[in-house]
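The structure appears below as C-alpha coordinates.
Every chain is named by a letter (A, B, C and D) in the order it is written, and numbering of its residues begins at 1.
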Amino acid sequence: MSSYFLRIEKASLNDLDGIILFIEESTKKLEVSSAVTKDVVLATLEAVTNILTHGYKDKPGWVEIVIQRNGKSLIVCFRDLAETFDPTQKPTPDISLPLDQRPIGGLGVHLIRNFVDEVIHQVPSQGGNELICIKKDIFP
Amino acid sequence: MSSYFLRIEKASLNDLDGIILFIEESTKKLEVSSAVTKDVVLATLEAVTNILTHGYKDKPGWVEIVIQRNGKSLIVCFRDLAETFDPTQKPTPDISLPLDQRPIGGLGVHLIRNFVDEVIHQVPSQGGNELICIKKDIFP
Amino acid sequence: MEINLSQEQGKVSVSVFKVKGNITSEVGLQEKAKEVHDAGIHHILLDLSEVPYMSSAGLRALHYIFSLLRAHEESDQATKAGIAAGTYLSANLKLYKPNKHVTEVLKTAGYDMFLEIHTDYKKAIASF
Amino acid sequence: MEINLSQEQGKVSVSVFKVKGNITSEVGLQEKAKEVHDAGIHHILLDLSEVPYMSSAGLRALHYIFSLLRAHEESDQATKAGIAAGTYLSANLKLYKPNKHVTEVLKTAGYDMFLEIHTDYKKAIASF
(Lines give C-alpha, C1' and ligand atoms only; values in the text may rest on other atoms or scores of the structure.)
Protein backbone atom coordinates (compact mmCIF):
# COMPACT_ATOMS: atom_id res chain seq x y z
CA MET A 1 0.00 0.00 0.00
CA SER A 2 1.05 3.61 -0.50
CA SER A 3 3.43 5.44 1.81
CA TYR A 4 3.91 9.20 1.69
CA PHE A 5 7.32 10.64 2.54
CA LEU A 6 8.40 14.15 3.43
CA ARG A 7 12.07 14.83 4.09
CA ILE A 8 13.37 18.25 5.07
CA GLU A 9 17.15 18.59 5.31
CA LYS A 10 17.16 21.79 7.36
CA ALA A 11 13.82 21.99 9.05
CA SER A 12 12.73 24.88 11.27
CA LEU A 13 9.42 25.98 12.81
CA ASN A 14 8.71 27.87 9.54
CA ASP A 15 8.22 24.51 7.85
CA LEU A 16 5.24 23.59 10.02
CA ASP A 17 2.68 25.13 7.65
CA GLY A 18 4.11 23.04 4.79
CA ILE A 19 4.12 19.95 6.99
CA ILE A 20 0.42 20.48 7.76
CA LEU A 21 -0.27 20.63 4.01
CA PHE A 22 1.69 17.41 3.48
CA ILE A 23 -0.36 15.62 6.17
CA GLU A 24 -3.63 16.96 4.76
CA GLU A 25 -2.77 15.85 1.24
CA SER A 26 -1.53 12.39 2.16
CA THR A 27 -4.48 11.64 4.43
CA LYS A 28 -6.78 12.80 1.64
CA LYS A 29 -5.15 10.32 -0.76
CA LEU A 30 -5.49 7.61 1.88
CA GLU A 31 -9.20 8.52 2.15
CA VAL A 32 -9.05 9.20 5.85
CA SER A 33 -11.90 11.05 7.59
CA SER A 34 -11.41 14.71 8.46
CA ALA A 35 -11.57 13.90 12.17
CA VAL A 36 -8.60 11.56 11.85
CA THR A 37 -6.73 14.09 9.69
CA LYS A 38 -7.21 16.68 12.42
CA ASP A 39 -5.84 14.28 15.09
CA VAL A 40 -2.85 13.47 12.92
CA VAL A 41 -2.11 17.13 12.17
CA LEU A 42 -2.24 18.00 15.86
CA ALA A 43 0.01 15.08 16.84
CA THR A 44 2.40 16.04 14.04
CA LEU A 45 2.65 19.65 15.19
CA GLU A 46 3.69 18.49 18.64
CA ALA A 47 6.09 15.80 17.50
CA VAL A 48 7.89 18.06 15.03
CA THR A 49 7.94 21.05 17.39
CA ASN A 50 9.62 18.90 20.03
CA ILE A 51 12.19 17.63 17.55
CA LEU A 52 13.01 21.18 16.43
CA THR A 53 12.98 22.96 19.77
CA HIS A 54 14.27 20.25 22.14
CA GLY A 55 16.02 17.77 19.84
CA TYR A 56 17.81 20.31 17.62
CA LYS A 57 17.65 23.17 20.19
CA ASP A 58 16.12 25.55 17.62
CA LYS A 59 18.88 25.01 15.04
CA PRO A 60 17.84 23.66 11.59
CA GLY A 61 17.89 19.85 11.45
CA TRP A 62 17.01 16.81 9.34
CA VAL A 63 13.43 15.58 9.74
CA GLU A 64 11.58 12.85 7.89
CA ILE A 65 7.87 12.08 8.10
CA VAL A 66 6.32 8.92 6.72
CA ILE A 67 2.58 8.35 6.60
CA GLN A 68 1.07 5.07 5.49
CA ARG A 69 -1.84 2.73 5.85
CA ASN A 70 -1.15 -0.55 7.63
CA GLY A 71 -4.14 -2.87 7.52
CA LYS A 72 -6.85 -1.09 9.51
CA SER A 73 -4.38 1.34 11.07
CA LEU A 74 -2.83 4.59 9.96
CA ILE A 75 0.85 4.95 10.86
CA VAL A 76 2.71 8.23 11.05
CA CYS A 77 6.39 8.11 11.72
CA PHE A 78 8.73 10.98 12.64
CA ARG A 79 12.48 10.57 12.27
CA ASP A 80 15.32 12.83 13.31
CA LEU A 81 19.06 12.67 13.89
CA ALA A 82 19.05 14.58 17.17
CA GLU A 83 20.07 13.15 20.52
CA THR A 84 18.09 10.09 21.54
CA PHE A 85 15.16 10.96 23.79
CA ASP A 86 12.15 8.77 24.62
CA PRO A 87 9.11 11.02 25.14
CA THR A 88 6.79 8.07 25.86
CA GLN A 89 8.27 7.90 29.36
CA LYS A 90 7.09 11.41 30.31
CA PRO A 91 4.50 11.31 33.11
CA THR A 92 1.07 12.79 32.33
CA PRO A 93 0.76 16.42 33.51
CA ASP A 94 -2.02 17.30 35.96
CA ILE A 95 -4.38 19.28 33.76
CA SER A 96 -6.89 19.86 36.56
CA LEU A 97 -4.57 22.29 38.37
CA PRO A 98 -5.22 26.05 38.06
CA LEU A 99 -2.93 27.66 35.50
CA ASP A 100 -0.96 29.65 38.06
CA GLN A 101 -0.03 26.45 39.85
CA ARG A 102 1.25 24.83 36.65
CA PRO A 103 4.58 25.18 34.88
CA ILE A 104 4.39 26.76 31.42
CA GLY A 105 4.49 24.07 28.71
CA GLY A 106 4.92 20.34 29.25
CA LEU A 107 1.77 19.61 27.22
CA GLY A 108 3.11 18.50 23.83
CA VAL A 109 3.60 14.83 24.68
CA HIS A 110 0.25 14.77 26.48
CA LEU A 111 -1.45 16.10 23.34
CA ILE A 112 0.23 13.47 21.14
CA ARG A 113 -0.95 10.67 23.43
CA ASN A 114 -4.42 12.12 23.37
CA PHE A 115 -4.68 12.39 19.59
CA VAL A 116 -3.37 8.95 18.60
CA ASP A 117 -3.91 5.45 20.01
CA GLU A 118 -0.36 4.23 20.43
CA VAL A 119 3.00 5.98 20.50
CA ILE A 120 6.22 4.01 20.08
CA HIS A 121 9.74 5.39 20.38
CA GLN A 122 12.63 3.64 18.65
CA VAL A 123 16.27 4.30 17.95
CA PRO A 124 17.11 3.69 14.28
CA SER A 125 20.43 2.06 13.34
CA GLN A 126 21.94 5.38 12.34
CA GLY A 127 21.00 6.91 15.73
CA GLY A 128 18.55 9.73 16.40
CA ASN A 129 14.90 9.01 17.01
CA GLU A 130 11.90 7.44 15.38
CA LEU A 131 8.51 8.19 16.90
CA ILE A 132 5.72 6.01 15.55
CA CYS A 133 2.14 7.14 16.07
CA ILE A 134 -0.72 4.74 15.37
CA LYS A 135 -4.40 5.53 14.77
CA LYS A 136 -6.18 2.18 15.11
CA ASP A 137 -9.18 0.68 13.35
CA ILE A 138 -9.85 3.65 11.11
CA PHE A 139 -9.98 1.69 7.86
CA PRO A 140 -12.68 -0.89 7.05
CA MET B 1 12.74 1.88 29.44
CA SER B 2 15.29 -0.69 28.35
CA SER B 3 15.80 -1.69 24.73
CA TYR B 4 17.83 -4.73 23.73
CA PHE B 5 19.78 -4.67 20.47
CA LEU B 6 21.30 -7.45 18.41
CA ARG B 7 23.17 -6.54 15.25
CA ILE B 8 24.74 -9.17 12.98
CA GLU B 9 26.82 -7.85 10.09
CA LYS B 10 26.81 -11.05 8.05
CA ALA B 11 23.85 -13.05 9.23
CA SER B 12 22.99 -16.51 7.92
CA LEU B 13 20.55 -19.24 9.01
CA ASN B 14 23.29 -20.53 11.36
CA ASP B 15 22.71 -17.46 13.51
CA LEU B 16 19.12 -18.41 14.32
CA ASP B 17 20.06 -20.40 17.43
CA GLY B 18 21.93 -17.36 18.76
CA ILE B 19 19.02 -15.12 17.87
CA ILE B 20 16.64 -17.36 19.85
CA LEU B 21 18.96 -17.03 22.86
CA PHE B 22 18.99 -13.24 22.47
CA ILE B 23 15.17 -13.13 22.44
CA GLU B 24 14.92 -15.46 25.43
CA GLU B 25 17.39 -13.39 27.44
CA SER B 26 15.89 -10.01 26.62
CA THR B 27 12.32 -11.13 27.29
CA LYS B 28 13.51 -12.58 30.60
CA LYS B 29 15.00 -9.21 31.57
CA LEU B 30 11.75 -7.53 30.56
CA GLU B 31 9.89 -10.02 32.80
CA VAL B 32 7.70 -11.28 30.02
CA SER B 33 5.71 -14.52 30.48
CA SER B 34 7.02 -17.68 28.83
CA ALA B 35 3.94 -17.81 26.55
CA VAL B 36 4.80 -14.39 25.16
CA THR B 37 8.47 -15.32 24.82
CA LYS B 38 7.43 -18.35 22.79
CA ASP B 39 5.27 -16.21 20.48
CA VAL B 40 8.10 -13.73 20.00
CA VAL B 41 10.67 -16.46 19.29
CA LEU B 42 8.38 -18.02 16.69
CA ALA B 43 7.66 -14.68 15.00
CA THR B 44 11.38 -13.89 15.04
CA LEU B 45 12.31 -17.17 13.38
CA GLU B 46 9.94 -16.41 10.50
CA ALA B 47 10.88 -12.76 10.13
CA VAL B 48 14.63 -13.44 10.10
CA THR B 49 14.33 -16.53 7.88
CA ASN B 50 12.45 -14.44 5.31
CA ILE B 51 15.05 -11.69 5.43
CA LEU B 52 17.88 -14.19 4.93
CA THR B 53 16.30 -16.46 2.32
CA HIS B 54 14.14 -14.00 0.33
CA GLY B 55 15.64 -10.59 1.14
CA TYR B 56 19.32 -11.58 0.90
CA LYS B 57 18.69 -14.67 -1.30
CA ASP B 58 20.71 -16.90 1.06
CA LYS B 59 23.80 -14.67 0.97
CA PRO B 60 25.05 -13.25 4.31
CA GLY B 61 23.48 -9.87 5.12
CA TRP B 62 23.12 -7.18 7.78
CA VAL B 63 20.32 -7.76 10.29
CA GLU B 64 19.36 -5.82 13.38
CA ILE B 65 16.82 -6.82 16.01
CA VAL B 66 15.52 -4.45 18.68
CA ILE B 67 13.27 -5.59 21.49
CA GLN B 68 11.74 -3.18 23.97
CA ARG B 69 8.83 -2.49 26.23
CA ASN B 70 6.50 0.33 25.16
CA GLY B 71 3.89 1.04 27.81
CA LYS B 72 1.77 -2.10 28.01
CA SER B 73 3.13 -3.44 24.71
CA LEU B 74 6.22 -5.38 23.74
CA ILE B 75 7.79 -4.25 20.47
CA VAL B 76 10.16 -6.33 18.38
CA CYS B 77 11.68 -4.73 15.35
CA PHE B 78 13.61 -6.39 12.53
CA ARG B 79 15.78 -4.31 10.22
CA ASP B 80 17.63 -5.24 7.07
CA LEU B 81 19.24 -3.58 4.05
CA ALA B 82 17.78 -5.93 1.44
CA GLU B 83 15.36 -4.90 -1.28
CA THR B 84 12.18 -3.30 0.02
CA PHE B 85 9.35 -5.82 0.39
CA ASP B 86 6.12 -5.42 2.37
CA PRO B 87 5.07 -8.83 3.73
CA THR B 88 1.96 -7.40 5.44
CA GLN B 89 0.27 -7.31 2.03
CA LYS B 90 0.51 -11.12 1.52
CA PRO B 91 -2.93 -12.75 1.48
CA THR B 92 -3.62 -15.40 4.13
CA PRO B 93 -3.00 -18.95 2.83
CA ASP B 94 -5.89 -21.45 2.96
CA ILE B 95 -4.78 -23.79 5.73
CA SER B 96 -7.88 -25.96 5.49
CA LEU B 97 -6.79 -27.44 2.13
CA PRO B 98 -5.25 -30.96 2.10
CA LEU B 99 -1.46 -30.83 1.91
CA ASP B 100 -1.29 -32.24 -1.61
CA GLN B 101 -3.44 -29.39 -2.86
CA ARG B 102 -1.21 -26.75 -1.27
CA PRO B 103 2.04 -25.22 -2.48
CA ILE B 104 5.07 -25.99 -0.29
CA GLY B 105 5.84 -23.03 2.00
CA GLY B 106 4.02 -19.71 2.05
CA LEU B 107 3.37 -20.00 5.80
CA GLY B 108 5.99 -17.74 7.37
CA VAL B 109 4.04 -14.50 7.19
CA HIS B 110 0.87 -16.29 8.31
CA LEU B 111 2.72 -17.55 11.40
CA ILE B 112 4.03 -14.06 12.23
CA ARG B 113 0.51 -12.60 12.05
CA ASN B 114 -0.73 -15.40 14.25
CA PHE B 115 1.90 -14.96 16.97
CA VAL B 116 1.78 -11.17 17.37
CA ASP B 117 -1.06 -8.64 17.48
CA GLU B 118 0.09 -6.09 14.95
CA VAL B 119 2.69 -6.16 12.19
CA ILE B 120 3.91 -2.92 10.59
CA HIS B 121 6.25 -2.63 7.62
CA GLN B 122 8.31 0.52 7.11
CA VAL B 123 11.10 1.68 4.89
CA PRO B 124 13.89 3.34 6.92
CA SER B 125 15.65 6.42 5.54
CA GLN B 126 18.68 4.39 4.51
CA GLY B 127 16.47 1.94 2.57
CA GLY B 128 15.87 -1.74 3.26
CA ASN B 129 13.10 -2.85 5.58
CA GLU B 130 11.87 -2.49 9.11
CA LEU B 131 9.26 -4.93 10.33
CA ILE B 132 7.69 -3.97 13.64
CA CYS B 133 5.83 -6.65 15.58
CA ILE B 134 3.66 -5.66 18.54
CA LYS B 135 2.38 -7.85 21.37
CA LYS B 136 -0.32 -5.79 23.04
CA ASP B 137 -1.43 -5.46 26.66
CA ILE B 138 1.09 -7.89 28.08
CA PHE B 139 2.41 -5.57 30.77
CA PRO B 140 0.36 -4.34 33.74
CA MET C 1 0.94 33.54 11.36
CA GLU C 2 -0.07 37.19 11.21
CA ILE C 3 -1.32 39.25 14.16
CA ASN C 4 -3.39 42.41 13.63
CA LEU C 5 -4.06 44.63 16.61
CA SER C 6 -7.06 46.91 17.16
CA GLN C 7 -8.55 48.60 20.18
CA GLU C 8 -12.16 48.51 21.40
CA GLN C 9 -13.74 50.53 24.17
CA GLY C 10 -16.10 48.74 26.52
CA LYS C 11 -16.19 49.31 30.26
CA VAL C 12 -12.41 49.20 29.86
CA SER C 13 -9.98 49.46 26.93
CA VAL C 14 -9.67 46.09 25.24
CA SER C 15 -6.87 45.22 22.81
CA VAL C 16 -8.08 42.79 20.17
CA PHE C 17 -5.46 40.46 18.65
CA LYS C 18 -6.71 39.04 15.38
CA VAL C 19 -4.57 36.05 14.42
CA LYS C 20 -4.48 34.72 10.86
CA GLY C 21 -2.93 31.32 10.14
CA ASN C 22 -1.71 28.43 12.25
CA ILE C 23 -0.31 29.20 15.69
CA THR C 24 2.87 27.14 15.82
CA SER C 25 5.14 29.48 17.74
CA GLU C 26 4.59 31.46 20.93
CA VAL C 27 7.04 34.26 20.19
CA GLY C 28 4.89 36.70 18.15
CA LEU C 29 1.91 36.58 20.49
CA GLN C 30 4.02 36.99 23.60
CA GLU C 31 5.92 39.97 22.21
CA LYS C 32 2.75 41.76 21.13
CA ALA C 33 1.10 41.10 24.50
CA LYS C 34 4.13 42.48 26.32
CA GLU C 35 4.05 45.69 24.22
CA VAL C 36 0.36 46.24 24.83
CA HIS C 37 0.76 45.47 28.54
CA ASP C 38 3.66 47.89 28.89
CA ALA C 39 1.54 50.53 27.16
CA GLY C 40 -0.97 50.16 30.02
CA ILE C 41 -3.64 47.95 28.48
CA HIS C 42 -4.48 44.96 30.63
CA HIS C 43 -7.41 43.41 28.76
CA ILE C 44 -6.88 41.28 25.67
CA LEU C 45 -9.38 39.52 23.43
CA LEU C 46 -7.70 36.93 21.23
CA ASP C 47 -9.63 36.55 17.99
CA LEU C 48 -8.94 32.98 16.83
CA SER C 49 -11.63 32.88 14.15
CA GLU C 50 -9.05 32.58 11.37
CA VAL C 51 -6.72 30.06 13.01
CA PRO C 52 -6.96 26.60 11.42
CA TYR C 53 -4.60 24.85 13.87
CA MET C 54 -2.89 25.70 17.13
CA SER C 55 -0.09 23.67 18.70
CA SER C 56 1.06 23.61 22.31
CA ALA C 57 3.17 26.67 21.40
CA GLY C 58 -0.16 28.51 21.40
CA LEU C 59 -0.93 27.10 24.84
CA ARG C 60 2.41 28.39 26.07
CA ALA C 61 1.57 31.84 24.71
CA LEU C 62 -1.85 31.77 26.40
CA HIS C 63 -0.28 30.72 29.69
CA TYR C 64 2.30 33.51 29.43
CA ILE C 65 -0.29 36.20 28.63
CA PHE C 66 -2.61 34.87 31.33
CA SER C 67 0.19 35.29 33.91
CA LEU C 68 1.26 38.68 32.55
CA LEU C 69 -2.25 40.14 32.94
CA ARG C 70 -3.04 38.23 36.12
CA ALA C 71 -1.22 40.78 38.28
CA HIS C 72 -3.79 43.39 37.28
CA GLU C 73 -6.87 41.44 38.30
CA GLU C 74 -9.01 43.17 40.87
CA SER C 75 -8.74 40.62 43.65
CA ASP C 76 -12.16 40.90 45.15
CA GLN C 77 -13.79 38.29 47.31
CA ALA C 78 -15.42 36.55 44.37
CA THR C 79 -12.12 36.14 42.52
CA LYS C 80 -10.39 34.75 45.58
CA ALA C 81 -13.21 32.30 46.22
CA GLY C 82 -13.11 31.28 42.55
CA ILE C 83 -9.41 30.59 42.66
CA ALA C 84 -9.81 28.50 45.80
CA ALA C 85 -12.68 26.55 44.28
CA GLY C 86 -10.84 26.11 40.98
CA THR C 87 -13.68 27.87 39.13
CA TYR C 88 -11.71 31.00 38.34
CA LEU C 89 -11.91 32.41 34.79
CA SER C 90 -9.48 35.12 33.71
CA ALA C 91 -11.08 38.58 33.60
CA ASN C 92 -8.23 39.97 31.50
CA LEU C 93 -7.65 37.41 28.73
CA LYS C 94 -10.56 36.01 26.73
CA LEU C 95 -10.88 34.06 23.50
CA TYR C 96 -13.08 34.70 20.50
CA LYS C 97 -14.29 31.99 18.13
CA PRO C 98 -11.67 29.25 18.19
CA ASN C 99 -12.64 26.54 15.65
CA LYS C 100 -13.29 23.00 16.82
CA HIS C 101 -9.68 21.87 16.30
CA VAL C 102 -8.33 24.69 18.46
CA THR C 103 -11.08 24.14 21.03
CA GLU C 104 -10.08 20.50 21.29
CA VAL C 105 -6.48 21.48 22.02
CA LEU C 106 -7.68 23.92 24.70
CA LYS C 107 -9.84 21.24 26.29
CA THR C 108 -7.20 18.52 26.13
CA ALA C 109 -4.86 20.84 27.99
CA GLY C 110 -7.55 21.81 30.50
CA TYR C 111 -7.30 25.52 29.49
CA ASP C 112 -11.02 25.87 28.79
CA MET C 113 -11.54 25.95 32.57
CA PHE C 114 -9.62 29.21 32.93
CA LEU C 115 -10.38 31.12 29.75
CA GLU C 116 -13.79 32.37 28.59
CA ILE C 117 -14.67 31.42 25.04
CA HIS C 118 -16.94 33.91 23.22
CA THR C 119 -18.80 33.56 19.94
CA ASP C 120 -20.53 37.00 19.93
CA TYR C 121 -18.04 39.80 19.33
CA LYS C 122 -20.03 42.63 20.96
CA LYS C 123 -20.83 40.56 24.01
CA ALA C 124 -17.17 39.57 24.23
CA ILE C 125 -16.03 43.22 24.39
CA ALA C 126 -18.82 44.11 26.81
CA SER C 127 -17.89 41.24 29.13
CA PHE C 128 -14.57 42.83 30.17
CA MET D 1 20.25 -29.28 14.53
CA GLU D 2 21.41 -32.89 14.62
CA ILE D 3 19.55 -35.85 13.09
CA ASN D 4 20.18 -39.41 14.28
CA LEU D 5 18.70 -42.27 12.29
CA SER D 6 17.67 -45.69 13.59
CA GLN D 7 15.47 -48.45 12.26
CA GLU D 8 12.57 -50.22 13.99
CA GLN D 9 10.65 -53.25 12.83
CA GLY D 10 6.88 -53.20 13.24
CA LYS D 11 4.46 -54.54 10.64
CA VAL D 12 6.79 -52.69 8.27
CA SER D 13 10.32 -51.23 8.50
CA VAL D 14 10.20 -47.80 10.08
CA SER D 15 13.05 -45.31 9.93
CA VAL D 16 13.16 -43.16 13.08
CA PHE D 17 14.64 -39.66 12.71
CA LYS D 18 15.61 -38.30 16.11
CA VAL D 19 16.14 -34.56 15.81
CA LYS D 20 18.10 -32.60 18.45
CA GLY D 21 17.95 -28.80 18.49
CA ASN D 22 15.85 -26.18 16.76
CA ILE D 23 14.55 -26.94 13.28
CA THR D 24 15.32 -23.77 11.35
CA SER D 25 16.29 -25.21 7.97
CA GLU D 26 14.62 -27.83 5.82
CA VAL D 27 17.75 -29.06 4.06
CA GLY D 28 19.08 -31.71 6.48
CA LEU D 29 15.73 -33.40 7.01
CA GLN D 30 14.89 -33.48 3.32
CA GLU D 31 18.27 -34.95 2.36
CA LYS D 32 18.06 -37.69 4.99
CA ALA D 33 14.49 -38.53 3.96
CA LYS D 34 15.51 -38.79 0.32
CA GLU D 35 18.37 -41.18 1.18
CA VAL D 36 16.13 -43.43 3.26
CA HIS D 37 13.42 -43.32 0.61
CA ASP D 38 15.85 -44.24 -2.16
CA ALA D 39 17.07 -47.15 -0.01
CA GLY D 40 13.52 -48.51 -0.11
CA ILE D 41 12.12 -47.43 3.27
CA HIS D 42 8.80 -45.63 2.99
CA HIS D 43 7.78 -45.17 6.63
CA ILE D 44 9.30 -42.45 8.77
CA LEU D 45 8.69 -41.56 12.41
CA LEU D 46 10.02 -38.10 13.21
CA ASP D 47 11.05 -37.94 16.86
CA LEU D 48 10.65 -34.28 17.85
CA SER D 49 10.99 -34.81 21.59
CA GLU D 50 14.25 -32.84 21.73
CA VAL D 51 13.26 -29.96 19.46
CA PRO D 52 12.71 -26.71 21.40
CA TYR D 53 11.52 -24.65 18.40
CA MET D 54 10.56 -25.33 14.80
CA SER D 55 10.12 -22.63 12.14
CA SER D 56 8.20 -22.81 8.88
CA ALA D 57 11.37 -24.37 7.42
CA GLY D 58 10.35 -27.46 9.40
CA LEU D 59 6.87 -27.27 7.88
CA ARG D 60 8.43 -27.16 4.44
CA ALA D 61 10.47 -30.28 5.29
CA LEU D 62 7.35 -32.06 6.56
CA HIS D 63 5.45 -31.13 3.42
CA TYR D 64 8.31 -32.38 1.25
CA ILE D 65 8.64 -35.72 3.09
CA PHE D 66 4.84 -36.13 3.14
CA SER D 67 4.77 -35.80 -0.67
CA LEU D 68 7.83 -38.01 -1.15
CA LEU D 69 6.27 -40.91 0.77
CA ARG D 70 2.75 -40.25 -0.47
CA ALA D 71 3.39 -42.12 -3.76
CA HIS D 72 3.85 -45.32 -1.76
CA GLU D 73 0.54 -45.19 0.10
CA GLU D 74 -1.70 -48.16 -0.44
CA SER D 75 -4.63 -46.39 -2.02
CA ASP D 76 -7.47 -48.46 -0.62
CA GLN D 77 -11.06 -47.33 -0.43
CA ALA D 78 -10.66 -45.92 3.07
CA THR D 79 -7.71 -43.72 2.06
CA LYS D 80 -9.54 -42.37 -0.97
CA ALA D 81 -12.64 -41.63 1.08
CA GLY D 82 -10.46 -39.92 3.70
CA ILE D 83 -8.79 -37.70 1.12
CA ALA D 84 -12.17 -36.71 -0.31
CA ALA D 85 -13.54 -35.96 3.14
CA GLY D 86 -10.42 -34.06 4.15
CA THR D 87 -9.86 -36.46 7.06
CA TYR D 88 -6.84 -38.19 5.57
CA LEU D 89 -3.84 -38.76 7.83
CA SER D 90 -0.53 -39.85 6.32
CA ALA D 91 0.17 -43.57 6.85
CA ASN D 92 3.87 -43.10 6.00
CA LEU D 93 5.00 -40.04 7.97
CA LYS D 94 4.16 -39.67 11.65
CA LEU D 95 5.37 -37.45 14.46
CA TYR D 96 6.54 -38.36 17.95
CA LYS D 97 6.33 -36.03 20.94
CA PRO D 98 6.51 -32.50 19.57
CA ASN D 99 6.55 -30.05 22.52
CA LYS D 100 3.80 -27.46 22.87
CA HIS D 101 5.67 -24.78 20.90
CA VAL D 102 6.15 -27.10 17.93
CA THR D 103 2.57 -28.36 18.21
CA GLU D 104 1.33 -24.79 18.04
CA VAL D 105 3.26 -24.21 14.81
CA LEU D 106 1.80 -27.42 13.35
CA LYS D 107 -1.72 -26.35 14.31
CA THR D 108 -1.35 -22.79 13.09
CA ALA D 109 -0.32 -24.17 9.72
CA GLY D 110 -3.14 -26.73 9.72
CA TYR D 111 -0.62 -29.63 9.51
CA ASP D 112 -2.05 -31.44 12.54
CA MET D 113 -4.96 -32.50 10.31
CA PHE D 114 -2.70 -34.59 8.08
CA LEU D 115 -0.02 -35.93 10.42
CA GLU D 116 -0.56 -38.29 13.36
CA ILE D 117 1.02 -37.12 16.58
CA HIS D 118 2.12 -39.91 18.95
CA THR D 119 3.26 -39.75 22.55
CA ASP D 120 3.82 -43.51 23.11
CA TYR D 121 6.87 -44.75 21.24
CA LYS D 122 5.87 -48.44 20.99
CA LYS D 123 2.36 -47.62 19.85
CA ALA D 124 3.81 -45.16 17.31
CA ILE D 125 5.95 -47.90 15.70
CA ALA D 126 3.09 -50.44 15.84
CA SER D 127 0.72 -47.97 14.17
CA PHE D 128 2.52 -48.09 10.81
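Keep this in mind: a contact is a pair of C-beta atoms (placed from the backbone, for glycine too) under 8 Å apart; a residue touches a chain by one contact, two chains touch by 3 or more.
From a predicted model like this one, the values you see are computed outputs, not experimental measurements.
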Chain at maximum distance from chain A, centres defined as averaged CA atoms:
D
Just give me the whole-number Å value for how far the CA centre of chain B lies from that of chain C.
51
Indicate the whole-number Å distance between the mean C-alpha point of chain A and the mean C-alpha point of chain C.
27
Let me have the rounded angstrom distance from the C-alpha centre of chain C over to the C-alpha centre of chain D, please.
76
Residue ranges of chain B touching at least 2 other chains are none
What pairs of chains are touching here?
A-B, A-C, B-D
Chain A-touching residues of chain C, taken from the complex the two chains share:
21-22, 24-25, 52-53, 55-57, 59-60, 63-64, 66-67, 70, 83, 86, 88, 101, 104-105, 108-111, 114
Per the touch rule above, chain B residues touching chain D in the complex are 13, 16-17, 20, 38, 41-42, 45-46, 49, 95-100, 102, 104-105, 107-108, 110-111, 114-115
What residues of chain A sit close enough to touch chain B in their complex?
1, 3, 7, 64, 66, 68, 70-71, 73, 75, 77, 79, 86, 88-89, 118-126, 132, 134
